[in-house]
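Take a look at the structures below.
Each of the next two complexes has chain A plus one other chain: chain B in the first, chain C in the second.
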Partner chain A sequence: MKSKGVRIAILSGKGGTGKTLVSVNLASIAEKSIYIDCDVEEPNGHLFFKPEKVQEEVITVKIPVINDSMCNGCRRCVDFCKFNALAFIKNKPYVFEEVCHSCGGCMLSCSENAIGEQEKPIGKVLRGFSGSVSVHTGMMNTGEASGIPIIKSLLNDSIINEELPIFVDCPPGSACIVMESIKDADYCILVTEPTIFGVHNLKMVYDLVRLFKKPHGVVLNKCLDGENPAEMFCIENNIPILGRIPFDNELGRLNSDAKIASRESNRFRSLFTSLLETVKKEVRHETTVNPQR
Partner chain B sequence: MKQLLILSGKGGTGKTTVASAFIKLSSAKVYADCDVDAPNLHLIMAQNTEPKRTDYFGMAIAEIDPDKCIECGLCKENCRFDAISNENGFKVEPFACEGCGVCEAFCPANAVSLKSAVAGELMLYVDSNTIFSTAQLKMGSGTSGKLVTEVKNQTKTTANPDTRIAIIDGSPGIGCPVIASLSGVDMVLIIAEPSISGISDMERIIKTSEKFRTKIGVCINKFDTNLANAEKIEKFCKEEGLLFTGRIPFDPLAVCAINNGQTIVDVDCPSGRAIREVFSNAMELLFKERDGVEA
Partner chain C sequence: MKIAIPVDNQNLESSVCPSFGRAPYFLFYNTDTKENYYLDNSAVASQGGAGIRAAQVIADHGVKALLTPRCGENAEEVLRKSEVLIYKSIPGTVQENIDAFVAEQLVLLSDFHPGFHGHEK
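And now, the complex of A and B:
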């Protein structure tokens, strides 16, 4: 791939439109590449890649610990916390770990140095290989509220100096967790399906990528004969259509068995190869027109 | 009022399709869409009335007054969210700021203040018969859990206390909006998809739901797209002692109905017929007294 180290984020707004299908297959086709699964709440890419030589890193956040013998009960920490993660119970502050944002404010506001911090695991990052694809997966522990620290660790460490193309599989929606995933992307692929739900949510991520001034294009998935409301939306708004993936029983079956379609069949290999070519062309075009990145 | 929440873990398995059908079948007077990130229920549960709209204020976000800033850098140094940059003066990156207030507390020049901004919109449709609460989070806002709680509060404060049932459409994932939607519900119905991804995601949402000690039911949507995986889901439910409520077939007519703004029980189609069994099994669990105790 010519444009080295290019970061491509794949997002959709609506869930189940085919983000992982597109990300996994593009990363597979691109000879040497990096695949990063930022859907840390429900990561699925690793089920397809079945990576080997997996290394595990536990991701932690800092949680305050109160030394009761040093606490003078001034309540300053409780009053400071904007997240209501501290409550004053029986004249002592008590920490509610699940709602703590690890800002460190309580510790800084304590005049008695009675607050320290300890590391609390919230999930892990798994790094391994599948053929020539380097596969990075973030996995949040169930019951945790925010996977943002896991995404930060996925996207920042180790990856930063790589010269290979990077495919970032994003979570559904358009909230903070998606913004974190696309923040450093050079190009965004929006995957959609021909339903009114798909289009409604496409509009939202379309607004999001424009808000972040990210060059973007759309992949129309599950295309059937007849009118495609998602395609209409792209035409009306002049959004480049990067490719069309037909609604196809064989593709559906391979995908539901967590098989990488482009590794299994020539038909899908050529489909995703031409999609990757189009994406590369678009990225190259965007980097010449908009060379600030 | 019994609250039934529809969840799935994985996105796109059919939460809104099932929720809208359940609203019709139960003649629910109260329903809500807690997928504030990507709400869709309003697209099929169209209301004739205009909703009552309320601005939703998220966390107050820091702002630096450049006239007061003495460029000491303490704010940037103490920010754990990398939300303060220093290119031509210190500035807060609003998307990264979580509103913790550390920079405000540290600023020796009182140059930082926390300002709350509109982070979304709550909508409440009320007509003589029904209450429908929904919301849309503003692009780039982070506090979806809090907005979900407000969507649920809107129904609680408006609904007649004698209301029998409330149907709540949830969001994908297992994080903060899902956790906020789970709090206080009587039962969760999980819409599973017969794929390896779907099974993995289902197991994670079940683990998350179990922490709330709510009743859990499972159904499989598009079961016939992969019968072997559908078997695995049913076996899993049996082993875990979870109520399996039924199977819904893949149905192109369902897509047509939805695209026409109808629920799958508004038209005669295979998925609409199958969901009736899922519905009656789910209702039985929802209204069943738990372990002999009044639920």
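And now, the complex of A and C:
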């Protein structure tokens, strides 16, 4: 029997706190690992990894197609749709494709069997390699309502080698797209920055990981001398602090050049190596305390 | 002619609601008989597509002209297919807007914003 690779999700309440920085560097330090970019609205991990031998898969959802001649105008489908993706105008039903969430309910509600389905592309999944890191990227087409079908495909177990550690770079925020990304995670790393706004957004994801009963810890990014409101929040709430990343000129420059800091600089290699060690220790501790996970 | 206006309160001194799809109420007003009635907007709390649903209600009530400060692309599509004209409301009360409409002082709304669909909260 294969041993299951640990699945670590990296998330934050807002964009730009350093989710990708942490995910990319941890995956890179772990050497043989899997990096999955679930930030399908603007994935950027691939800009750092520059993966090769990339295979592309188009992701589609099903949207309703209504046969007008079979429609009896009962409007049951229009009333059923909680997303108001259907309208009935001048005795003719209309589908607003970009509002549809592909639940299939309209089809079930139709007594005349006038509603069928067709595939509609919403984005793609790209799978490639950067050294020994297997890089998976989800990309959603502009204007689509939900990236969840892309994330489901990204995290599909049958494609991912379960023996290797998996680093899941989540979308920002705490909406359902993030819930989908952390659903099967063994451990969650919350990345935050030392501002009041940072604390507010940290609290959102902190509430989320507790709701999902996920073991978690915090990485304090952009650390400066002086008071750190995010650190205070962690101390007050007994949240383990996994590591600190300085607000640093060299790091900023490497990052904006799309370079992986831990591959370029000894200083950051040791910083992320020790962060990975801490995370591993926390995960081991959690699996001992809660073996059912 | 039957017209409709998204309103903040159920009286003619109310302000026009800045949002069409998420307005709390709609005023329906007959410019010939001056008869009017109000309706709760059933789309106000919907998860998405509020404009589509609101436009459907406006069309179902046989409205010929909608007076609103803004309107989304999807609502506009429903209203256009329903042959409801969309006029740009002016600052002021609902009554002032009705008077301006009757005096043919309102112009057709020409810019429609993209829908804020999706369920990101």
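In this text, the second predicted complex is superposed on the first by the 284 of 293 C-alpha atoms of A that agree within 3 Å, B and C clash if a C-alpha of one lies under 4 Å from a C-alpha of the other, contacts with A are read in each partner's own complex, and residues count from 1 in each chain.
FYI, contacts are C-beta pairs under 8 Å (C-beta built on N, C-alpha and C of every residue); 3 or more make two chains touch, one makes a residue touch a chain.
None of the values given here were measured: they were computed from a predicted structure.
Looking at the shared chain after the overlay, A:Ala87 reaches chain C, while chain B stays out of its contact range. Contacts of A:Gly173 after superposition on the shared chain: both chain B and chain C are touched.
In the overlay built on the shared chain, the residue A:Thr142 is in contact with chain B alone; chain C does not reach it. Once the two complexes are laid over each other on the shared chain, residue contacts for A:Glu277 go to neither chain B nor chain C.
More residues of chain A are touched by B (comparison of chain B with chain C). In the superposed model, A:Lys14 lies in contact with chain B only, and not with chain C. Once the two complexes are overlaid on the shared chain, A:Val78 sits against chain C while remaining clear of chain B. Judged by the touch definition given at the top, the superposed model places A:Cys103 against chain B, while chain C stays out of reach. Residues 82-83, 101, 145-146, 173, 175-177 of chain A contact both chain B in one complex and chain C in the other. On chain A, the positions that touch chain B within their shared complex are 13-17, 20, 39, 41-42, 44, 47, 80, 82-83, 101-105, 108-109, 140, 142-147, 171-177, 179, 193-197, 200-201, 204, 207-208, 211, 224, 229, 252-253, 255-258. Residues 43, 46-50, 52-53, 55-56, 59, 74, 77-78, 81-83, 115, 117-121 of chain C are the ones that touch chain A when the two sit in their complex. The residues of chain A lying in touch with chain C in their complex are 78, 81-85, 87-90, 94, 96, 98-99, 101, 145-146, 173, 175-177. By the touch rule above, chain B contacts chain A in their complex via residues 8-13, 16, 37-38, 40, 43, 59-60, 78, 80-81, 95, 98-102, 105-106, 137, 139-142, 144-145, 171-179, 193-198, 200-201, 204-205, 207-208, 211, 225-226, 229, 252, 255, 258-259, 261.
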